[in-house]
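I'd like to ask some things about the structure below.
The chains carry the letters A, B and C, assigned in the order they are written, with residues numbered from 1 in each.
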């Protein structure tokens, strides 16, 4: 695995909300076609860090970063980078399923439509492909033009993943994607992540250490805005180097 | 793409900025005509003269009679609307059940949607004749009937804003009062109303501001005779009515008579502006208290 | 009688008073509607709706007035709708928390409290004189547009605010720009609320007489207006004019015209209430 390419890399990243230093000197690399998990107690900065990877925090007043985040060795915080272009490469799935109050079909093709793609056949083809990829096709193929809000929570979340895949990103960020779902839906999403990693680089924030253990190749443990430890998932869970990591994964806090 | 985004944002900004232009326009229009007015009439006599007869041969320009007319109708309106509106707010919050509230509130809101000329008709053709049977000396145009009907009209303003304020009081306070054996009435006046007092005050001030600016109702029912009196039984004239009265006539642009409506307008504006800002100020303090 | 008995009695007494107060407003409303109906309903017929104004009460109709009202309604909506919604979008989506936004917000709240007749004075100087539109429909509609602008802006903001942040983030995450997000997600999701506000604002505009009298709308207009530059009258002014006359027959005319005006007002409000209800049901986040 050592010869894998670094898809995403943070170098000396500090992030602030106003005067508050939320991320302290984070340096970490995420390899291509691997699943990297971020774990840590609430408020440790893992979600903030995830959201710097597609500049989702740009809209928050007083938020700023120092340092670099490289996507394919290019800093995404350079002036000339357009965030909409960046987000076409770095897709995101949120904690709570957030389908648009539109039809299932409109949800999936939204990303393409706003890029100006009008070719109906291409749109339909993409919709089918991505819905198949997310194993949703059989369940929704007869109600593509019904409201997405009528789907179950698990289906909604898979729809949100399909929606993200439709614009063919190379990276997929997932912010606790199963925390609002039941165990069966969670299992489906985990299987899906396993499949998706063949084609995508996946970064996932999770509250659930078992989940990190099941699905990720590498795990990063965040604590109070610091990256405490980063290692292969197996290594991190079996022989953590830092006592804070050890305390956390053995359930002594968090 | 980026330029079109910028253009759109610019257009949106422009739409918002127009509201500043409106304010500036109002102030400029009122000030420029008023300055011209005061080049011919002294501010002192405007503020202290007790007669307002700009349309007569002997012209007097004392704003006091118009201010008194406005004060009188407003005071009567608030005297009607405040006890009724506040009682409704308390009743709906502390006594009535949810389904009763759900029916009554929208019905009361209807009162606020009826055009004010309609209230004027009601005051003139129904309320005044009715009151004349009780009060023999009541003139056909009077502040009493106009003020009372205006009071009915602004009940929903006081009741719904006060109700919002009372229902924003944390439930725990009410429960604490009940826990100590208070009746609903004691809870309402001992705990809820004091806790919601600033919100209630805001509703009263906004209602006053509304009453001060009310035009058609008083123009129809209160008369067009400026006089410095607090007698509610005789015809009077409010600031707003005077502006309507002049607008209906044929007053040449640029004449002193024409300018009087702007001098009256700016007086009216100053009153409502002050009231509105006092209410913001209270509202702001009040919000800070609960956050 | 013990202290606690007395307290209970007072409590009951207030309850009765509460019911009384709640119903007094409604009772007055009912008396008033019945009175108007008795006075005016018999006067409403085809001629009344189609006749031009006249000095003789029995021949006078409200044709010019309701045509004028419809014109005013249409023009005011066309002007105030895009302007108010754009301003609302700017304040809610673009200008959050800036100094400028605070100033705009205070300013709009202030405008909402300015008496309508003051807007008449503004319209008189700016639209009638400075822009030389005279006492035309356009001048009237522009004046009323400024009057209802704060209402449209405030309700637009409320409606936009109700759209959850997750929808915006979902859209941004797919590479949508700010405006694309507003246009494709925020506006469709808040449209019901915005429409409700616009209709409420229209119902406010339909009842206004004072600012239009100030800009010189006349009670007597011999012909129904046919273009935005024509002179006009509206129902509330026609009603005001008839009320001001001493003959009882004109009071009957006024009552009949009031029925028509109230009908328009109630229909607009009814639509608004219906829309609000429907939209609240349809979208549950």
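The rule is simple: a contact is a pair of C-beta atoms (placed from the backbone, for glycine too) under 8 Å apart; a residue touches a chain by one contact, two chains touch by 3 or more.
None of these values were measured; they are calculated from a predicted model.
Undergrad: By raw count of C-beta pairs in contact, what's the busiest chain pair here?
TA: Counting C-beta pairs in contact for each chain pair, the top pair is B-C.
Undergrad: Compared with subunit A, which chain's mean CA position is the farthest off?
TA: Measuring from the centre of subunit A, the most distant chain centre belongs to B.
Undergrad: Per-chain C-alpha centres versus the global one: which chain is nearest?
TA: Going by the distance between chain centres and the overall C-alpha centre, it is C.
Undergrad: Compute the distance, rounded to whole Å, between the mean C-alpha positions of subunit A and subunit C.
TA: The computed centroid separation for subunit A versus subunit C comes out at 48 Å.
Undergrad: How many angstrom lie between the CA centroids of subunit A and subunit B, rounded to a whole number?
TA: The answer is 55 Å.
Undergrad: Using the average of all C-alpha atoms in each chain as its centre, how far is it in Å between subunit B and subunit C?
TA: 17
Undergrad: Residues of subunit B that contact two or more other chains, please.
TA: 1
Undergrad: Which subunit A residues reach two or more other chains?
TA: 84
Undergrad: Check each residue of subunit C and list the ones that touch at least two other chains.
TA: 177 - these are the residues of subunit C that touch more than one other chain.
Undergrad: If you look only at subunit A, which of its residues touch subunit C in the complex?
TA: My answer: residues 54, 56, 59, 61, 83-88, 91-92, 94, 96, 98-102, 110-111, 113-115, 149, 160, 163-164, 167.
Undergrad: Which of the residues in subunit C end up touching subunit A in this complex?
TA: It is residues 96-97, 164, 166-167, 169-177, 180, 184-185, 188-189, 283-284 of subunit C that touch subunit A.
Undergrad: Considering only the defined contacts, which subunit C positions touch subunit B in the complex?
TA: Listed in rising order, the residues of subunit C that touch subunit B are 7-8, 10-11, 14-15, 17-19, 21-22, 24-26, 28-29, 31-32, 35-36, 39, 82-84, 86-87, 89-91, 94-95, 103-104, 106-111, 113-122, 124-126, 129, 146, 149-150, 153, 177-179, 203, 206-210, 213-214, 216, 236, 239-240, 243-244, 251, 254-255, 258, 261-262, 265-266, 269, 273.
Undergrad: Using the touch definition from the top, list the residues of subunit B that touch subunit C in their complex.
TA: Touching subunit C: residues 1, 4-5, 8-9, 11-20, 22-23, 25-26, 29-30, 33, 83-84, 87-88, 90-92, 95-96, 104, 106-108, 110-111, 113-118, 120-122, 124-126, 152, 155-156, 183-186, 188, 206, 209, 212-216, 219-220, 240, 243-244, 247-248, 253, 261-262, 265, 268-269, 272-273, 275-277, 280 of subunit B.
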